[in-house]
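Multiple structures follow.
The following pair of complexes shares a single chain, subunit A, combined with subunit B in the former and subunit C in the latter.
Here is the complex of A and B:
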């Protein structure tokens, strides 16, 4: 499919076709990809420096956030622009619980996820009445409000009171969540994060392939059809928000334990929009999409810095990236790149066989 | 049995249903009328998409209007849509299972019930085929199969044959005629294809401008002079 023969309706028609393609071809290739990815991920600590290992940790954490957003957009058709703010909320809750209680780490993460899930669901309540642009606006406003509130309250650093912030300790104590003894080293923490990330992807997959996924697919296509099928649209929409927020909360907890801890300027409102851009670029119908999105979001800026290019270049790159994906591959890079490589392979093969025939 | 009494729907100054009273006893019943007569509005009231200004609907002794719309499917209300609404992103199997898992059907029999329904409507595709890849006829049949799983009580078919060629309409007719016996449900069929309605329905009701103008055995209703005048234009055209 070339750019030239694409028009508006053709793009719309291409979306379901692209979806079907992802899921059919995806199942064959996914196993191979997963094996390769698994080996690379596990071998990484032996291959790269501490700095790049921390980047890899952050890629894993943000892939959970991207997964939550991809579920909301790709599966249910809800556009949320407060996922990064929710990540910060998750971080805040994890730190508050970390300083205020002696919960074991897994329970602390779980509690963080549940509380963030409740908060995300409350923000999602307007989604029952609104959709599309209006929902996006409401969630963006919520993100801005959360960012402001965070700047006023700061992340807990062991101070007293409900907010748990101590201005006098701010210089010496980082807002950082204690890691369990088992995950103390950077390598162990990285592997722990990868494990939790895998669990989150499994949780999402179980939903998508089960009863919830079927209900979401119906809601996304047509609410009357969903209702006529007996789907409680309200419940399943809120459940989608709850699930995405739960996962984002857990990511926030992991981020709070990452090297350096959390700072209030680490979660600007516009990052939620950037997240939307990279999630769309990665692909919202495939589980590979959020991984690509996290690589674009967290690895690419570091690579640019490493190559001596200005990080502002990202804004331009993402803008062009979203435009090209929307126009030529609505299912995202995870579909487009393998397809284009397959086309390239065929082209080279044709050249080659053509040259061979001429030689004869 | 569905008993409808004094059903009235108003959209601003328009009255798409005006004091409709009719009883659909059992088997397959037809509901016909010119475009805009209120047939789909009637289905939308039963589905819960439209709230009536007045009137009662009792289906098998239950006050249908008092039930939340999505619970009506669980109770046993099923419908198809004028513009077919098979869920493209799901496979044929998942489309039907979607309804089954929100119905009175049990998990233990789900697989069998779903495959039964797919076979009953005569779908000859791989159940794991994605609906997006199917043609118009097969999508219609997927929608009909969805209406038949999980112990339906009332099946509303809104122009199921719209856009289908003659041969496929006949196939659909054969399927529709066997629904009451196969599932025990009462079927209400809305269609403009009089041969399909005649072939399927023992009882037919006729709406015109939101009012019920005739109801009774299908052959008699189609000969009724009010019906011919309102719906079919002139006698010669019949």
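Here is the complex of A and C:
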């Protein structure tokens, strides 16, 4: 979403560096897409109503969560099924810190990310040394456990004690995190969220293009070979896990300050599975994938509601999508759809040229 | 110290059903390498179909229950036939994720057709019961525990002594070699899918009586069974059964303690974590995973 924002000044400043950057990204077309997306994203507040702006905000927040999961699956081959539960954990920590301390907002977000990163890593730790299947199972159980624990503890709303929940205040005080003065209005908050999202994508990109990315690629292709080449496999797997959890925690903090605050019923276990589905459908190897995933997850249900269709259809569609990705399109929609369209285009062109030759 | 005996009865019944589903999952995993995460969803949709047959079509109850169990078997078999072979050569993680897709399809269908409102399904066996000391035990609870133990024993004997069972075990060891030795691989796998599906149908009915007929609740009760299966290392039927019973009993016996009662559903997770740590420390290999 934001790759172009960062590249803008770089292009103006140093053309050779920009050229290297463009080569890294893959093609001019991606950059063009990124620029267009950047313009649309920045112009959005002027174009749509408050409701759709809130949807756009949540799309941006969930694209961070999707990015974390996509990194895990695409780079290290690990599948985590507790990302939405971790998002709730991030929200809880942000609220607790928000009510308990007077940290400035950026520091609060950062602290939330770090603590969530530690918790997420601790959950994955026992399974990381075993196979991916065990990690998936343990995280699924963790998701269920966290969801249930959350319904027992509730989100902090300024009450006393470690849990910070007050039943008497529950009716009047929503579990919502104060926004900094600068981001008070909905438009400013949206732009702030987009900015943080951009930073997260940049962080991911720096990892993927740097030393960590090369280590991850080695692990993904062959773990024994990576060990033989001197890659510290456990460390880099843990690092990927910590990074994904960190991002999810930041997203949780942002979600806690978005309109309406947090409710304990907003993070069912099922959503962690749905997230996996949309991330797989969007595509795990490209940075576009998580954005597509967030659009599928947050924008599509609203559109369906708008058109009077039951959103349950989406759950079915996502299920079919997972099977389709597993069977035929491992790279996801972002790669598959353009390729399919290119194939279709070629087929149509061949048909027409064939018809033209016959006519002659 | 509160009187734990009623909770013990409840826990043994629940644990028996966890054991039953754990065994159903382990059998399928051993034969096909697929860990069916849609197990709970299949049971839930079966129970909902039974509910509809009884309450809207007014069919006799036993017909509805039979249909529910058969439906579980058939729908699982259909998934296995369609998606088992193309994914057979992939790693277990990919196969498990495929069943998550299946679970989402079932979940979407359920909430679309039946919506999330609460339904209730009480097996007639719940009305039959007897007094044991001061605790009343009903027949459904007896069936839950009994079926858990009986199915474990029967499956263990089946895998050990019948031709089909031996074929399943050899499939678990090496699919290609088994095929070369003339075992009809697809047919053996189909048998495993069907059996596992029938078990999930039965599980769904029992759980909807013991716990309640709730789409999400039933679908994710699979997590307790998963934990049991994981403690059995996706391999040992008896360890799975014992773990299932233990999880059920511990979870139920925590109910009267107010301070931890709301957190008791975390029991399967804690059991699984403890097991993984133990496996890690003991440094024992885990099979086929």
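Everything below uses one rule, namely that the second predicted complex is superposed on the first by the 314 of 360 C-alpha atoms of A that agree within 3 Å, B and C clash if a C-alpha of one lies under 4 Å from a C-alpha of the other, contacts with A are read in each partner's own complex, and residues count from 1 in each chain.
Everything below uses one rule, namely that a contact is a pair of C-beta atoms (placed from the backbone, for glycine too) under 8 Å apart; a residue touches a chain by one contact, two chains touch by 3 or more.
The shown structure was predicted, so the numbers you read here are calculated from the model rather than taken from an experiment.
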- request: Figure out whether A:222 sits in contact with subunit B (first) or subunit C (second), or with both, or with neither.
  value: first
Field: Partner chain(s) touched by A:319 [first = subunit B, second = subunit C, both, neither]
entry: second
- request: Figure out whether A:230 sits in contact with subunit B (first) or subunit C (second), or with both, or with neither.
  value: first
Query: First (subunit B), second (subunit C), both or neither: which does A:142 touch?
result: second
Statement: Of subunit B and subunit C, the partner touching more residues of subunit A is C
Message: I'd like to check the shared interface: which positions of subunit A are touched by both subunit B and subunit C across the two complexes?
response: none
- line: Contacts from subunit A onto subunit B in the complex sit at residues 16-17, 19-20, 23-24, 211, 214-215, 217-218, 220-222, 224-225, 227-233
Message: Help me check something: in the complex, which residues belonging to subunit C touch subunit A?
response: 35, 37, 83, 86-87, 90-94, 96-98, 100-109, 111-112, 216, 219-220, 223, 226-227, 230, 262-263, 265-266, 268-270, 272-273, 276-277, 279-280, 286, 289
Query: Any idea which subunit A residues touch subunit C in the complex?
result: 79, 126-127, 129-134, 136-138, 140-142, 144-145, 148-149, 151-152, 268-270, 273-274, 276-277, 280, 310, 312-323, 326-327
- request: Show which residues of subunit B lie in contact with subunit A when the two form their complex.
  value: 47-49, 69-74, 78-79, 81, 85, 87-90, 94, 97-99, 101-103, 130, 132-133, 146
